[in-house]
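Let me begin by presenting the structure, written as structure tokens, before commenting on it.
We call the chains A, B, C, D, E, F, G and H, going by the order they appear; numbering starts again at 1 in every chain.
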Amino acid sequence: MNRTELKKLLEEVSQGKIEIDTALAALEDFSFKDLGYAKIDNQREIRTGYPEIIFCSGKSIEQVKGIIAYMNKRDSNVIATRATDEMYREIKQFIPGIVYHPEARIMSITKKEIPKPESYISVITAGTSDLPVAEEAAVTAELLGNRIERVYDAGVAGIHRLVDNIGVIRDSRVVIVIAGMEGALASIVGGLINKPIIAVPTSIGYGANFGGISALLAMLTSCSAGVSVVNIDNGFGAGFNASLINNL
Amino acid sequence: MNRTELKKLLEEVSQGKIEIDTALAALEDFSFKDLGYAKIDNQREIRTGYPEIIFCSGKSIEQVKGIIAYMNKRDSNVIATRATDEMYREIKQFIPGIVYHPEARIMSITKKEIPKPESYISVITAGTSDLPVAEEAAVTAELLGNRIERVYDAGVAGIHRLVDNIGVIRDSRVVIVIAGMEGALASIVGGLINKPIIAVPTSIGYGANFGGISALLAMLTSCSAGVSVVNIDNGFGAGFNASLINNL
Amino acid sequence: MNRTELKKLLEEVSQGKIEIDTALAALEDFSFKDLGYAKIDNQREIRTGYPEIIFCSGKSIEQVKGIIAYMNKRDSNVIATRATDEMYREIKQFIPGIVYHPEARIMSITKKEIPKPESYISVITAGTSDLPVAEEAAVTAELLGNRIERVYDAGVAGIHRLVDNIGVIRDSRVVIVIAGMEGALASIVGGLINKPIIAVPTSIGYGANFGGISALLAMLTSCSAGVSVVNIDNGFGAGFNASLINNL
Amino acid sequence: MNRTELKKLLEEVSQGKIEIDTALAALEDFSFKDLGYAKIDNQREIRTGYPEIIFCSGKSIEQVKGIIAYMNKRDSNVIATRATDEMYREIKQFIPGIVYHPEARIMSITKKEIPKPESYISVITAGTSDLPVAEEAAVTAELLGNRIERVYDAGVAGIHRLVDNIGVIRDSRVVIVIAGMEGALASIVGGLINKPIIAVPTSIGYGANFGGISALLAMLTSCSAGVSVVNIDNGFGAGFNASLINNL
Amino acid sequence: MNRTELKKLLEEVSQGKIEIDTALAALEDFSFKDLGYAKIDNQREIRTGYPEIIFCSGKSIEQVKGIIAYMNKRDSNVIATRATDEMYREIKQFIPGIVYHPEARIMSITKKEIPKPESYISVITAGTSDLPVAEEAAVTAELLGNRIERVYDAGVAGIHRLVDNIGVIRDSRVVIVIAGMEGALASIVGGLINKPIIAVPTSIGYGANFGGISALLAMLTSCSAGVSVVNIDNGFGAGFNASLINNL
Amino acid sequence: MNRTELKKLLEEVSQGKIEIDTALAALEDFSFKDLGYAKIDNQREIRTGYPEIIFCSGKSIEQVKGIIAYMNKRDSNVIATRATDEMYREIKQFIPGIVYHPEARIMSITKKEIPKPESYISVITAGTSDLPVAEEAAVTAELLGNRIERVYDAGVAGIHRLVDNIGVIRDSRVVIVIAGMEGALASIVGGLINKPIIAVPTSIGYGANFGGISALLAMLTSCSAGVSVVNIDNGFGAGFNASLINNL
Amino acid sequence: MNRTELKKLLEEVSQGKIEIDTALAALEDFSFKDLGYAKIDNQREIRTGYPEIIFCSGKSIEQVKGIIAYMNKRDSNVIATRATDEMYREIKQFIPGIVYHPEARIMSITKKEIPKPESYISVITAGTSDLPVAEEAAVTAELLGNRIERVYDAGVAGIHRLVDNIGVIRDSRVVIVIAGMEGALASIVGGLINKPIIAVPTSIGYGANFGGISALLAMLTSCSAGVSVVNIDNGFGAGFNASLINNL
Amino acid sequence: MNRTELKKLLEEVSQGKIEIDTALAALEDFSFKDLGYAKIDNQREIRTGYPEIIFCSGKSIEQVKGIIAYMNKRDSNVIATRATDEMYREIKQFIPGIVYHPEARIMSITKKEIPKPESYISVITAGTSDLPVAEEAAVTAELLGNRIERVYDAGVAGIHRLVDNIGVIRDSRVVIVIAGMEGALASIVGGLINKPIIAVPTSIGYGANFGGISALLAMLTSCSAGVSVVNIDNGFGAGFNASLINNL
């Protein structure tokens, strides 16, 4: 709401054209539920298009349960990432409808199906060890309303595994490339297609991988122009971004 | 071209249904012009949607001139980034139609106008010092066929400067956020809109900025989910990515 | 004691105006109790305003018990940070009056109440996972004689949660801002108020967070001028600093 | 302005108790002057207590001149840090009243004297080479309305130089400690006084100093509790913080 | 296959000189077996001279078992590195012929003996703690068809232990030098012989070793010219490289 | 010379079978010319197969001239790397036969031709900007007696430029791959051939390239097994290593 | 043995003045016992003044036992650092005379007392948590034949604890200063005495301590000139160095 | 002065046994000359054995001149390190007796000769490029009263250059080893002698040398026990330390 709009609103309130409650609703941009240890952002769906998504890591089981219980009452779809098996077993006793995706480490409650666009997202990994991150990306995007094509273990040491799937990749609307070690796969894919690529460096590797730094720096300095990067092992962020683009 | 398609092509050649030259053209996926010091990628437009874009940094004026001269003959549009004023003055003597965008450090030759979609890209900066990177992003995207809205110097130290422009930002198809120092602007914008955000850390700052590392790490670890990141000071990459998304 | 004062003291001793013991007391600036493994700083309260505070991490339970037992005899208030639950259970068998604040990981003995100024300190966190650090800060400051207002989980991904509390924050005398990941909250608060802000980066996050480096660098390079920073996860230091300022 | 206050304001507008323009003024929290390359934050003085301070580094002389010219018309005091001698010589031709503090690299225009509290700020340096940073801190704080005591070249290699000045330091309201190399001075001062200390690491040193990292890390991990830290070489931030505290 | 060869092939297909299936075989460069979680690279032996070697770290036992079971059916020799004792015990129940080399952490199945050249590879370590990496290198090279000479614990603190073995080292075709801590052994050996040296930094050490960085940087900056380097603790890579060179 | 040989030599001296001078020559393993500022290693050719090669960087022109003048008298071939144009112009006045290779920054004197093996070394670069490093590698190897095939500007953004040259690369005895930015080219080539690859990261790039770290880490963590790495921009080391291997 | 001496020795052998066995002994500089996994350096005592000292970390109990058993037969004193309690309990069953110093993590066998010089070494720590490193230094030096004065927990937060012990420190021949966190103690002591100081950074601390980096960098950049530094937590190295100096 | 001594002094003052001025002198431990920009430490010679040594880097010529002029009046020997040629030319106009050592970048005034012990210090460098650092070490130690043996360019690529000088090195009282690149020379020398070694890493090298980090880390993690380390390029610190040890 800019200054002009604000003045207009006030004039209309002054002239009785608008009810106070209507104006109030228009003005109270910001609202949330305070649980003490957490302030649940009720307006995020209006503001950014999706309800708040819970990042479980660093929260106690009690805290996660409390947040999900509150959101469950409000008829929101719920997505909780980095959930442990132990969290799930505890929480499903109270919220039986909750679903656990073990490889993706995601818990979800789906109250209303989200319509999916025709176009799809490809999720490509360099190796077998990148699967947990890939599944976090794929399941996140599926829960946010997207079709997914998975192309796993197609790294550059045997590049024909990629080339044989180039058709399905080229026909995606947006591509997620997930790789550890030297992260070269993002550059290769970037040189072969004309779609936006979201690259996820993983912490797969050892020694000079330094917990994912080698892949992170490689992806940031990629000589292929269509590549942007999210945090190391951040499958969720990649899936969320790809969903934003696929739903434009 | 996958295995099935390949077999079919060969059968058609064998049966005389397709001329050898046609098949040859279909098969010679890869072709380029070798200048000795550079192999110009003639197929990139077909493969990735845009002709090869020249990164001038680290190349001699003679090399840049040679590459542009060759591309100019082929009726391509030409974009050359990180071009110095000295390069431009030298090259325009031989290629008078070349244009220089000094703040963006870009040289361009436009032979055919690219049709622009209705939707636009917003380019936001945290401070005045981020302008060269912002202009590199904006001019790149304009040359690739996009409308741009510029919102400069809207950093978090005076956040109302951002809020007053939130309308134009929300209506973008994709948003580029450019910030140095602590790079917080990307997170703020990410919390307020539901469009994909491409964040560009800049090397603006000193001390613990470490040449852009503070902003880079902040953007990679942003608590706002819709943010992906390109290299420090990489305005070109941001503009290119945003154009890919805006033209989907 | 400067040179002039020293000369005067010596003259008064020489003239018999001052007893030797009085002079001795005035001169013996430095005194401590040596437990072998630790030298307890008895003069710190005189010198810096607070008795020595015990940092339990890296000390054995026996060592912590010995230090507390000695201090307990001297009628000092005792504060011991980074205390484990196991330490507490062992030590309370010998010192029943000791109190444990589990979320803050602090043990305390309060022999004399410290008068609290009217003004208060706000402790703000970006997320739920920052609570242990926040409680270390809040409890430290409370034990040192301060009123605290807690505003938890008000990070920039849902900035209205901050804005709704801006009144209580603006009326603080000093503000502690605690955030992991990209640490942007410190800059936002710094742009909205005119009080000193002590920022605490936390190690909450993963990947390019690098154990708190992303938040640390972001806070050090904040574009908001009123921000100073303490060590990663150093809730104690923030609480101590804020107490110093609130008691000026 | 929280929700209750907002509702009340709207009711008063509706009832005609408040003029629209008055309400508008109350609501238009955010306002600024847009120069294209910069948005000058006119409300910062109201919001944070001081007008916007110009950070000249990375801005062109033309840009700095434009910003100062605008602020000069509004009767604000002006402070511009990291100003070069060349900037000053150019700008004083148009704004003769401008003053340059060469060691501090600060330009200033003082239209209204700021009343100074009785209490003062001490600025201590470890060495002679730290003077530019110290002067940036001292002059910033003086321009913001503070008395300063300078204690320069009092590093730990000759600690009596510090001890001889401990009286004046102890009587400060807040202390700025500036040191490069191993930055030990902050810890020493912190062990001797009970006032808040703002530590500024400098890039003075070589080799394993790594542009100020050694002092920065040392100050962040100081075993003295009353120390908080600003960015490497950030004399301005230290002066600004100290002024905030001294004016509480 | 370059353009000329491609044209010739197509002409021969067109003229019926070559069967379609023959041409297809010639063209289908790329083929693999897709297990879902892994795409086994069946052509790698043709392309790079060795079948795909399994890197077990980060794969589940089930995944490793599945890959080995598939490869075992194809009569390939199998090498699986970074295998745990637990993996081996599980897998040998299904594939009894599998062999485990515990110090080298390698599992292998040898179906066809690889002929060994006369020349040999020396594997030298600086200390006793480097043995696991050394055995990974030595066993890898033995399985790939090479003779090995082991010279263990010959570090520079007692350089005569190296000098007494200099004869056997000089007569190698290629030398692997493995060292942690300061990694000086690679430079010493490099100054004494005229054979290619592959240096492996190890993570043996503590403190400023930083998980192998000290040895890695030392080997990369060696003043001896004949040294090239592989990743920290990468015994496999060193053995593979040495085998490539020894089999030229 | 091991202990047995030593005893035998001494016995032969004792028995008069060997002249003292002969024994002396056999024993004086170590000999050099001391110029004060440099000790020229006259035995290096015997010991490592090549005369000492001069690294000019960090040496004064006078020092380089002195070293070359001494070596020139001994009829050695001379190679001096990282030579500036200014050094060359100064030194050729005294040593007219000296040759300068400007792109490679190498000075050389060739007194005796080194016979070249039939096999050759390929030198591949990712981009045009990598040429100086590539020429340093190529010219070094040529001067040491090798045939070279140059494949420049064949990076992964247009991978067909590589594929079209794969024949000449596969037929090399050893391959040097030179790339900056994300350094992915080494992994790609490593996946396509079965020859030893020496990878040279270059400092070409900006931002998260960090002076070559991104390419260095990528090459060290390459998923292709046949890659070993030399220092950033170390064309000389790559050429020297490749020559060692090509001359086995 | 230089060239002249070598010639003389050979002449004397030739003339029968020296027995072959005598010459052999003089020449066989290098000798060791090869246990397969370790080459025990029997000449180290002659060469460097002390027998080889065993670094247990990274060695198996079997390997440590084998090395000690061999050395025990040769009547050497034995020192084994970084020994675990488990190692000791296992080995004392076979070598009952072995002694374990638990805080120092050192095992030792003393066959012959080493005469101690009158002068002594001071070992100073900043905190209680630095004790294990301090004891490693102190016990090492005691076993190598030195008197030790321990001054523990004398850090800069309460500097009078140091000042009260300055007499005993000043009278040392060499001083070891051990500190974690910001490591300032080394600089303070260096400013107060004129004896060589060996500084040991410890990994005590958290956050920006980064495993000892803050103390390491601080000690390396100390503004006190008489400070040299050993590796993080390297109590052994400090004790060994101090012993070398104390026994000059 | 400890407590007992202090009490005794006060009693004697009280009893008139000691004059007030005598007591004052005994008590005024700390004294210095304040030049405003510098506090010259007049007591350092008494306290640490040498007058204050001026570190010119980061000081203006005026400041250096002022400090030297003051010290020159007090009949002290003067040492000023990191002095530029320009500084020297300016200052010798006012202080003609000043001497400049250009390679060492040291200015000195010698008023009283310091008696030199019989024992000497060896200064060894790995390469020719390390000379400036070596000369800083050597000249510093000479000015502080020591004999020096220089062994330059004796690095591990031609280790016989070191071995031929091992006699003179072994007979030193203390050894300074100076090396850049991989810094292996310190470990080699440490394995051959039983004297304390002060290692100086230099910034000589490129790429993964990272301004001296490779040599610094290598020296800190040296497997030779008798090595301690000073800052990168810190020839002065090495010379000062060696002098302390040589004069014990």
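The working rule: a contact is a pair of C-beta atoms (placed from the backbone, for glycine too) under 8 Å apart; a residue touches a chain by one contact, two chains touch by 3 or more.
Quick caveat, the model's predicted, so the values are computed rather than measured.
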Subject >> Path length in the contact graph (subunit B to subunit H, fewest steps) >> reply: 2
**OP:** Could you name all chains that are in contact with subunit E and with subunit H at the same time?
**Re:** F, G
Original post:
Given that subunit C is a copy of subunit G, what angle of rotation, in degrees and a multiple of 5, matches their CA positions?
Top reply: 90
Original post:
When the contact pairs of E-H are compared by residue number, which of A-F, G-H or C-G has over half in common?
Top reply: A-F
Subject >> Result of counting contacting C-beta pairs for E-G and A-F, higher pair >> reply: A-F
**OP:** Could you check if the interface between copies subunit B and subunit D is built from the same residues on both sides, meaning over half shared, or from different ones?
**Re:** different
Original post:
Taking each chain's centre as the mean of its CA atoms, how far is subunit C from subunit F in angstrom?
Top reply: 58
**OP:** Round to the nearest whole Å and give the separation of the Cα centres of subunit E and subunit F.
**Re:** 24
Original post:
Rounded to the nearest whole Å, what is the centre-to-centre distance of subunit F and subunit G, using the mean of the C-alpha atoms as each centre?
Top reply: 40
Original post:
Mind pulling the subunit B residues that touch 2 or more other chains?
Top reply: 3, 127, 157-159, 164, 190-192, 207-209, 216, 220-221, 225, 231-232
Original post:
Tell me, which pairs of chains are in touch?
Top reply: A-B, A-C, A-D, A-E, A-F, B-C, B-D, B-E, B-F, C-D, C-G, C-H, D-G, D-H, E-F, E-G, E-H, F-G, F-H, G-H
Subject >> Touch list for subunit F against partner subunit G, complex >> reply: 3, 6-7, 10-11, 13-14, 16, 20, 23-24, 27-28
Original post:
Contact residues on subunit A for subunit C in the complex?
Top reply: 29-32, 36-39, 41, 43-44, 52, 57-59, 63, 201, 203, 211-212, 216, 231-234
Original post:
If you look only at subunit B, which of its residues touch subunit D in the complex?
Top reply: 127-129, 131, 152-154, 157-161, 163-164, 204, 206-209
**OP:** Quick one: which bits of subunit C touch subunit B in the complex? Just the residue numbers, please.
**Re:** 126-127, 155-159, 181-184, 187-188, 190-192, 205, 207-210, 213-225
Subject >> Touching residues (chain side subunit F, partner subunit E) in the complex >> reply: 2-3, 47-50, 53, 164, 167, 173-174, 190-196, 198, 216, 220-221, 225-232, 236-238, 240-241, 244-245, 248
